[in-house]
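Order of writing sets the labels: A, B, C and D. Residues in every chain begin at 1.
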Amino acid sequence: MVGERTGVWLIGARGSVATTVIAGAAAVTAGLHPPTGMVTATEPFADCPLPPVDSLVFGGHDPAPTPLPKRAEELVVSGALPPGLPAGVRAELAAADESVRPGTEPADPRGEERLVSALAEDMTAFGQTHRLDRTVVVNLASTEAAPLGAELPPSSRYAAAALRAGCAYVNFTPSTGLHHPKVRHAALDSGLPYAGRDGKTGQTLLRSVLAPMFARRALDVRAWSGTNLLGGGDGAALTDPGAAAAKNAGKERVLAEELGQLPEGEVHIDDVPALGDWKTAWDHVAFDGFLGSRMMLQTIWQGCDSALAAPLVLDLVRLVARAHQLGVAGPVTGLGFYFKDPDTGSSALSEQWRDLLALGERLREPA
Amino acid sequence: MVGERTGVWLIGARGSVATTVIAGAAAVTAGLHPPTGMVTATEPFADCPLPPVDSLVFGGHDPAPTPLPKRAEELVVSGALPPGLPAGVRAELAAADESVRPGTEPADPRGEERLVSALAEDMTAFGQTHRLDRTVVVNLASTEAAPLGAELPPSSRYAAAALRAGCAYVNFTPSTGLHHPKVRHAALDSGLPYAGRDGKTGQTLLRSVLAPMFARRALDVRAWSGTNLLGGGDGAALTDPGAAAAKNAGKERVLAEELGQLPEGEVHIDDVPALGDWKTAWDHVAFDGFLGSRMMLQTIWQGCDSALAAPLVLDLVRLVARAHQLGVAGPVTGLGFYFKDPDTGSSALSEQWRDLLALGERLREPA
Amino acid sequence: MVGERTGVWLIGARGSVATTVIAGAAAVTAGLHPPTGMVTATEPFADCPLPPVDSLVFGGHDPAPTPLPKRAEELVVSGALPPGLPAGVRAELAAADESVRPGTEPADPRGEERLVSALAEDMTAFGQTHRLDRTVVVNLASTEAAPLGAELPPSSRYAAAALRAGCAYVNFTPSTGLHHPKVRHAALDSGLPYAGRDGKTGQTLLRSVLAPMFARRALDVRAWSGTNLLGGGDGAALTDPGAAAAKNAGKERVLAEELGQLPEGEVHIDDVPALGDWKTAWDHVAFDGFLGSRMMLQTIWQGCDSALAAPLVLDLVRLVARAHQLGVAGPVTGLGFYFKDPDTGSSALSEQWRDLLALGERLREPA
Amino acid sequence: MVGERTGVWLIGARGSVATTVIAGAAAVTAGLHPPTGMVTATEPFADCPLPPVDSLVFGGHDPAPTPLPKRAEELVVSGALPPGLPAGVRAELAAADESVRPGTEPADPRGEERLVSALAEDMTAFGQTHRLDRTVVVNLASTEAAPLGAELPPSSRYAAAALRAGCAYVNFTPSTGLHHPKVRHAALDSGLPYAGRDGKTGQTLLRSVLAPMFARRALDVRAWSGTNLLGGGDGAALTDPGAAAAKNAGKERVLAEELGQLPEGEVHIDDVPALGDWKTAWDHVAFDGFLGSRMMLQTIWQGCDSALAAPLVLDLVRLVARAHQLGVAGPVTGLGFYFKDPDTGSSALSEQWRDLLALGERLREPA
């Protein structure tokens, strides 16, 4: 895909993850940082014709007013970006910020149809302005509660707009997106590739290797409990019980699938603003061994969610853009590695890794 | 292998692991406990013709004087066996204890050749007395330091005796066993199957799924530190720096292989008699994510080593006995799942699982 | 108090804590175990004339049908009592069980007045039958939700009965007990000593030393989060949101008092039946140091609640019995050491220790 | 002490702690940060006439060539100082750096007597140049091994120089300092105040509240194990077994004193350069409760050692300077709160707090 220009349209373009994606792509392009965490930059993908990071052009929707260069400074203070980085990539952040449009909010007074059209026009205009060969829309907005009525939730409006604008689509959140009944069929009929949902960055990543370990060793997992402490916008969004329920469903799926049944135990997500963009996730697994011996594993994961998510977003953009170029339609198989709630495939990370390598092979074939 | 009788000759036959193996086999046979932790009792091995647990006959070498029924009572006090179990399987423990011989100790005055012969005679006599179709010798003795001179260390004397007696051999410890230059060639020439070494029960098991996770996600592991607290005989044995070094080599192998290089960090093994047969293993992983963000994973594993080891020993006995029946010679491939320092194969648990399933397929073929 | 006989009437007499109290007192009397965890058995109380453990006589209320010897066997299985103990103290357990009466349940059809009388008669009869010099009533029943209406909740009915029967009273739970408006004044007028409430066994014990540490070091505690996993009856009872709220109030009190304000963070109490009578409590403290540096302390407490509570119950019985003998009336000051929500005094453990030593001095004076 | 000027002469003046002390004092003076972690800035010391932070003048000895403004930038990168701080206090850092002299190194060819004189002259010249009313010398250099021969180790040379220059002296490290036989008597005869040794910043701080908690609750601590992971210069220095032994002695002292005997367990200090100036300290306490129940407490402390130490250094300078003004001679009593191995007093933090408040009272009296 050398010579082509790929647009990246981020829903939630001024959030922590999006800011890290844009700043990080610029930093990697400038050689300021290695592409740590980008799986598509590792050896198994070396000769896969994915769009280079320096060919990505960023824009997106976000009603938040703080421009990207200022957001990046804030992320330095909260420890999510390294000191000095915003100054080094200020031009790229400012350029992307010029392509940010306000989009929509839950109580948008415009009718659904007019709204989707307006959002799609923003995406189309972005492609025209920057003479892009294609655009991948990525949902990075705060998690929303599962919708109750027939009305499209915001995530599905953006997803419908992406289809209408002929863009590939990635849902990195647990929100509804293309899973809404009013959109699902259009997605299948669109001829466009899409992927989702709910990026697997921390606690669920761990669970996707630990649960298979217990299962394969024939150990009897009795209870799996977890508490997540997080600040930042994500923590606040997840104080909404509906949003938290949507998030937790993905976390439990891997346990139920890998262990054969859902063990005892709950998952808590607490908003702790003092932690800023950093997260602590504690997991406690009670399992029985031989002759009923009671054992325990505890894990403590301390990470910066936006730094964990951003390279995965860049990976997904590159892979889905290439799929789009090859004319792949419907859910792109082989991306379960990235998601808590993938459209297809196993929930064990080792199987997902195998599937991803197989996808890499398919994307290597000539268009 | 229905109708056949398989001998299990345990080096260290009155230790915690061996006592748990013998008591556990009896408890499973009697239906007192399910075979939790025995991988060969799970569905993928359902129609593999392995020797049934109730066809195993136990004996072994151990200079320790405390008979097995008394050892089992001690293990109840230390929390390693459930209350009531020793009473339920007293007859089986007493029967096995009658087949325990003192064996040898490091300062045995007998010459090497005479000693190996005497040990082999014990094994042969065991087979004759019980009219066994075959015997698997398993080394469960305390870890010994790597040998310095040409003289065979105890573990290698027992291993040589196993060869001489025509027994299959499993080294569940990091001790030298068949890896000594004076024994290695005899092993290859013996036509017998063997497997090793160093059973993977806790901290290294975790590392064998976590290290691949970091590698596949392109996260940059900077340091991996660990501390193991353990009481029981194992803790005391590992206060010997040579023994600890032998043990740690296996723990580091998985990191070096999966991460491409050995990260910073040390592993400590502390003898804490107050913990009895229980172990706490703390691991601390410092890794860099996107844009140099510094993150951490900590794991705390609390388990009973003998309860973790015993079902793996029963698995290995069953698999290697079947290999012996089929005439497999040399190192049995596909058993890396069980070992810290396997003779062959990957050090990632998911690959090792695949290899184990493949071994299961091979063992399913008619003799 | 040598030569006197002290009754101990336990509300919830067949629960885990009560069973451990009765079995433990018998075991200590018989010399089977040292009085670990009993502060009144340590040197500072050596010459304080408290009732000897072997002078205590046990009975109580409990509608549960399982007799104490059987309950003790169950606690061995769940790991809360050591194997062999129930057999060693069977006679004492059976004797106490003969003095257990069913008491009342929330939906008792008898009127409040008749009910309190009936409960008081049980207590009086106990004293007469066993020719006791005095009786201390201790509430060990499952935590109840804070009462909404004017009706006495069960804990207050038992407390009122204790007053009526002339018994000293200890509330080891967060339930209302003597704090109900309809009982509070009777308590003050009764001339009887009482103490409460909510025994401080684990997470709050830790907080009562850690919070003062942060405060005295002028470190800025930003957030204090906690998760408790527990099985047994207590875990199930606390799935009731009202009961959990009552429990958590005590946990937060120490933070608010010692830190000057309540930090961010929540406390979760999860029912995890697989853990039996064992509890894991994880605390996560985010604090700022010099120049805004963000630091963290995490604690993991793994204990058996009944084993932690029982020696404190024996301490309280001994101290309050002596107070009763001396004619102390109203809340016994100096017992904050034992409670999450004490009637009086500091919430820092070091101050509470000082207060307890001072109480010991007062109780040393001649009657 | 308003109107007076107090010199602060730091041994190891360009190390992480010293740089944080100097930058932090400037930041607090400028109102850029509150004095979090400075106990002398809290209410109990409100009207104690200690030297104001803005009256402190900094200098010191250090052979390291990197000037303080550059060191501060490095500490931002390693996360020990907040971004932006070095720019805000550059002038103060540069001013202090002009008063840094190279001092001595272990293999200094000058004779002991000439060397001590030369170091003392540096201190005296500092006082004259800046017209200081008094100077407090603080040892912040890397931990040295316990000396074997009669020769003064570096820390004792600096301490002797402080005496000769008429300066008060604080030993914030476990190194020998004034505890050498050749210096001890001169210290007592000098008429100068001094304090030490080994600042209590993390793991030992925790132990000084947790060990008394276990003791007062009559719980039987069986084993106390710990592992410290740290990078920075301190981690490297402590790979020297002698230095580590000196450090660990202080850590064990609190356990032995508060628990009545030293429990099982070891302390490890690992150099993990990847952690930079941050430290993770894991402690594992195995304790027995009532009836021999086996319980556990684990703590994980994650902090920046220099940020923990710096406010304590400022506290000590202020307190010892006032003691000097009042003519206090010999070890200043009441400072055990700050040290792992204090010259006098209890090792329980609550007692030490009481002693510190009493010292505050004494320092409030007119000179």
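One rule holds in what follows: a residue touches a chain if its C-beta (ideal position, glycine included) is under 8 Å from a C-beta of that chain, and two chains touch if they have at least 3 such contacts.
Since we're looking at a predicted model, the values are computed, not measured.
A.B. asks: So which chains are sitting against subunit A and subunit B at once?
C.D. replies: Intersection of subunit A and subunit B contact lists gives C, D.
A.B. asks: Counting C-beta pairs in contact, which comes out ahead: A-D or C-D?
C.D. replies: Higher C-beta contact count between the two pairs: C-D.
A.B. asks: Matching residue numbers in more than half of the contact pairs is the bar here; say which of A-C, B-C or C-D clears it relative to A-B.
C.D. replies: It is C-D that reproduces the contact pattern of A-B.
A.B. asks: Determine the centre-to-centre distance between subunit A and subunit D, using the mean Cα coordinates as centres, and give it in whole Å.
C.D. replies: Centre-to-centre distance between subunit A and subunit D: 47 Å.
A.B. asks: When the C-alpha atoms of subunit C and subunit D are each averaged to a single point, how far apart are the two points in Å?
C.D. replies: 42
A.B. asks: Considering subunit B alone, which of its residues make contact with at least two other chains?
C.D. replies: Touching at least two other chains: 79, 296, 298, 300, 302.
A.B. asks: Given the complex with subunit B, which residues does subunit C contribute to the contact?
C.D. replies: Subunit C reaches subunit B through residues 76-77, 79, 83-84, 300.
A.B. asks: Which residues of subunit B touch subunit D once you look at their complex with the stated criterion?
C.D. replies: Those in contact with subunit D are residues 79, 222-223, 225, 227, 229, 263-266, 268, 270, 272-276, 280, 282, 284, 286, 294, 296, 298, 300, 302.
A.B. asks: Give every residue of subunit B touching subunit A within the complex, in rising order.
C.D. replies: Residue list for subunit B touching subunit A: 20, 23-24, 27, 33, 35-39, 41-42, 80-82, 85, 205-206, 209-210, 212-213, 216-220, 288-293, 295-304, 307-308, 310-311, 337, 348-351, 353.
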